[in-house]
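Got some structures for you, see below.
Here chain A shows up in two complexes: once beside chain B, once beside chain C.
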Partner chain A sequence: MEELLEILEELKPGVDFKNNQHLIDDGVLESLEIISLASEINDEFDVELSVADIMPENFNSVDAIWALIQKLQAEE
Partner chain B sequence: MSYNTLVFIAFLGITLLLYYIVPKKFRWIVLLTASCGYYILNSSALIAFVFITTLSIYLCGLWLGKINERFKKAKGSLSKEEKKIYKAKTTRNKKLVVLVAVLVNFGLLFFLKYFNFMSDSVGAAIGLFSPSFQPFHLSLALPLGISFYTLQAISYVVDVYRGKVKPDKNFGRMSLYLIFFPQIMEGPIGRYDQLAHQLYEGHSFDFERFKSGWQLILWGMFKKMVIADRAGIFADTVFNNYQKYTGVTVVLGVIIYTLQIYTDFSGSIDIVTGVAELFGVKLSENFKRPFFSLSLQEFWRRWHITLGAWLRDYIFYPISFSKFFMNFSKKTREKFNDYWARILPMAFSMFFVWFGNGIWHGSSIKYVVYGLYYYVFIMIGVMCEPLIRKTLGLLHINREAKGYKLFQMLRTTALVCLGMMIFRAADLNAAFNMFTSMFTNAGLSVITGGSILKDFGIYTSDFAILALGMIVLLVAGIIQEKGYPIRETLAKKNIVLRWSVYYAGIFMVLFFGTYGVGYKLADLIYAQF
Partner chain C sequence: MKNVLEYLEQADRSFPSKEAFSDENNSVTYAQVVQGAKAIGTTLAQLNTRNKPIAVYIDKSVESLIGFFGVVYSGNFYVVVDTKMPKDRVNTIFNTLSPVAILTDHAHLESAKELNFSGKTFLYEDAVAAAVDDDKLTAIRRRAIDTDPLYALFTSGSTGVPKGAVVSHGNAMAYADWVTEAFDINEDTVFGNQTPFYFSMSVLDVYSTIKNGATLHIIPKSCFSFPIKLLEYVNNKNINTIYWVPSALCIVANWKALDYVQVPKLKKVLFAGEVMPTKQLNMLVEKMDDDVMFANLYGPTEVTDICTYYILNRKIANDESLPIGNACNNCDVMVVKEDNTEAAVGEEGELCVRGSIVAMGYYNNPEKTQSAFVQNPLNTCYPETVYKTGDIVKYNQLGELIYVSRKDFQIKHMGYRIELGEIETAVSAVDRIKASACIYDGEKEKIVLIYTGEGLDNKYIMDILKEKLPNYMCPNKMIKLDKMPYNANGKVDRVWLKNNYRTLKSL
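So, the complex of A and B:
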């Protein structure tokens, strides 16, 4: 989880990622940032995010992103 | 049958009456029958093309469902390694089904919309070697709303492929999703998971919702008939005879055309959304006061939102998550510094989005240039961001200051206006000549001499009404930007104030709408796409 927070804070400094539950709905993370984030996640956690995973509910909060990573790791 | 005609209002009235008379479980049949009737009235036998599209995505959806079911049944009895192999095979088969749907539907769209354009382009290339060569043309009629319903169709199949929605076994519901009459002509481009169930459910009559729907229709009529169609008189005069005018008049013509297309398209969408609300259906938002945007990227998140979202979900993401792109992105990170590692992949994937945006609008090279115009300026903005940040720091300019935000808004609006000039001009040559005339033949004397209105050949009263309409639009926009929902706030006011506003709106449309003697009813701009 800490590594994920580091990636997010590096991607968009100054955002309260720990508490924001609407990262997509509020436009905090936009399409270009999601692509960068996905690429970082793939490298860091050795998973393969696919386009089917790109749904607002998977990226609206740090917990949701973390849950997605864990799901993908379990499927590997 | 445009949305702002009496025939449409009569058609709507009969459909509403039937919808609320029949039992709830049959109400979707009223909507489907009315939608087919509306389509046939507008596009007669071309409804066959909608049928082909519906049938193709219906069957592809069921086919994808079967493949998924087979995988689910089999995976319990497979080892981890076997499951991986079987999953890869299943994905390949599913991709094949999506490919069939894409080929059938984009094939139809490309053939009907772009055949003559492609033939001309090939003809021009052959003409370089053989000047007597004549390109082959077909007389093709475009089915109503094909550019809109084709995108809805593809989104359904891809969403089933991605597992976001389940395949629909009801052919009637699938047909209604594609042909729902309020939105067939100009969108918004709906998504199956948000729209299909709403259309299929029978909704009870709700007076508050009904009233709110009519308010939105009235607002849309005001935008379309009082502002857009009146602005169209000015804009047409300038764009059709730009050689006659000086640069200042051309600039004003371009600004007024931008106002026209915004109020025409967003006004029509307000009418469409209001009509859908009368049936209890909530459509996706398509405009969010785009001229308050601080950048071109933001503008496109607030203008024709459903097209931008479609391009993002079905062009940008698939390209960005493709193996090729992921490798490309990885290589750029290894070989270049952070700046280029970010810019290069973005430049690659965004090109397809903006090319797609341009070509979707029409079969002409100017639309391609229109799309790529935004691509170039957005990329310049992204590339110059570090330099801008540094410069603003050196000059001690606060990005959050109101003055700077106003500058950003005006800059974005100016760039959008220039884009609209390309969009509306007869061809690229005309757009280029109009642009150069702004600098080479400014002719400021038409303002100082007061002859600008005479130049347009229009009445001062029309100009005054247009100015009043713009003020109303601006005030409403500012109120909404500040977070006050106008319809909800108005509903809470006392009866005198409430009805004064309603009557003012009705009288504005009745007295200042551009119809009757001296005016001709203007078509909806986006209906041609």
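So, the complex of A and C:
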């Protein structure tokens, strides 16, 4: 989880990622940032996020993103 | 023709009930666009001003488009102001622009009131419902000429003050002529618009649409986060032509979205704004039908939008750079060396542009205008203005232009032209900052800020920057140092920083 927060902080410094539950709905993460986040997750966590996983509900909070990563890691 | 409104009126006569524009909430016909724009034009004509700037402060939507044409009906020119832009930056633009009025809607009235502006504010909802005064609008049109300004578009400036390129009706019409001919735009064209209206690329979508009675769908921004939704939107709207920044196309390519959703109706894929990576282009070419046209367009805001283009006609290797091609019809480009002579094939030089698409200059900024809009260095016999792009290019052996680099500290990031100096200016203004430097890592597509100063942290700086800079200009990585590295001339050593920033530990 810390690693994920680090990636997010690097992607967009100065945002309170821990507590925001509406990263997509509030427009905190912009379109191209979500995409570069998805690529970094693939690299850093050695998972294979596919385009079908890139849906709004999976990216609205750190918890949702983390749950997605864990799901993918379990499938490996 | 002398005025872009003739395009709209022609389309209204030929296809009154055809869908002109849509967004995720609304759709309008040509008849509705003309009616709404005339009503707004009548309302704004109360100002009794001519060729003056009117700021349109409305989210990207069908309404904003009607608002632009409303401003034009009033005999003035429009300036698109991004509603998400920090107030400080809007105020900086207003210092240069001094708009005579703001056109906004209920949703943005409160934030419009906070802007540093003393002119009149008009509400879209009221203006669009007003009675049309045809006599007044006819009188305004009678006096119009094709060198009157149509809009001013602000781009990043190195001293921290954005520059507003003024584009005339004649410029936009010359451009729409070329677009129509080069890409066979006609009444059956259905555009899927991606670029914001404060970005010059949108001029292609909007003006070639109204010139040809075509249809333009504004694709919701959120689609560009979610590739499958994006392609489904393209299909649902029967979109056959797109003109997007490469970053948007790369999303589709990199995530192999075409493996999940096919887009058989999409036949023209145009792109500009930044370098299109060849690998991703080839991925798209492979997945799409053989009859799809791919074209790489190149040009700055100061030449309306585009001055050279390359229609993909051969296989480009993944490690080869995609040409920017040759000059558009009715436009000429020259590669000029430092000694003001023309470069030979293979030699590098600055790209200069002449022709009817070259903009009028920068609004209320004679100094910047005179340094970029200059006498043609290859013609000493009569007055002729060319625009110096600041881009270094060269011709390859096939006679195609290849983009090499920028002359100055300007960068392209996510399709936006950004002066690193403007970011540094904003950072320097943060209290307790001692020194700062901004560099761009083009490979990782990151804006990196390196700074020194006591009692500061990343969050503190970022909170202030967010008030001053648009999102796309905020640093993606920040490094705090004890001491800045300086070169022999006593300047911050940006070259060293660029090569070594990854090894630096932030305090």
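The definition used in the following text is that the second predicted complex is superposed on the first by the 76 of 76 C-alpha atoms of A that agree within 3 Å, B and C clash if a C-alpha of one lies under 4 Å from a C-alpha of the other, contacts with A are read in each partner's own complex, and residues count from 1 in each chain.
Everything that follows uses one rule, which is that a residue touches a chain if its C-beta (ideal position, glycine included) is under 8 Å from a C-beta of that chain, and two chains touch if they have at least 3 such contacts.
Everything numeric in this text was worked out from a predicted model, so none of it was measured.
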Would you check which partner chain A:11 touches, where first means chain B only, second means chain C only, and both and neither mean what they say?
second
Identify the partner contact of A:56: answer first if only chain B is touched, second if only chain C is, both if each is, neither if none is.
second
Looking at A:24 after the superposition, I want to know if it touches chain B, chain C, both of them or none. Which is it: first, second, both, neither?
second
Of chain B and chain C, which one contacts the greater number of residues in chain A?
C
Is A:35 contacted by the first partner chain B, the second partner chain C, both or neither?
both
Go through chain A and flag every residue that touches chain B in one model and chain C in the other.
30-32, 35-36, 38-39, 50-52, 54-55
Note: in the complex, chain C contacts chain A through residues 221-228, 247-248, 251, 254-257, 259-260, 414, 445, 458-459, 461-463, 466, 471, 474-478
List of chain A residues in touch with chain B within their complex:
27, 30-32, 35-36, 38-39, 42-43, 49-52, 54-55
Complex contacts: residues of chain A adjacent to chain C
10-14, 24, 29-32, 34-36, 38-39, 50-52, 54-56, 59
Spell out the residues on chain B that touch chain A in their complex, using ranges where they run on.
161-164, 297, 301, 312-313, 316-318, 320-321, 326, 329-330, 333, 342, 345-346, 349
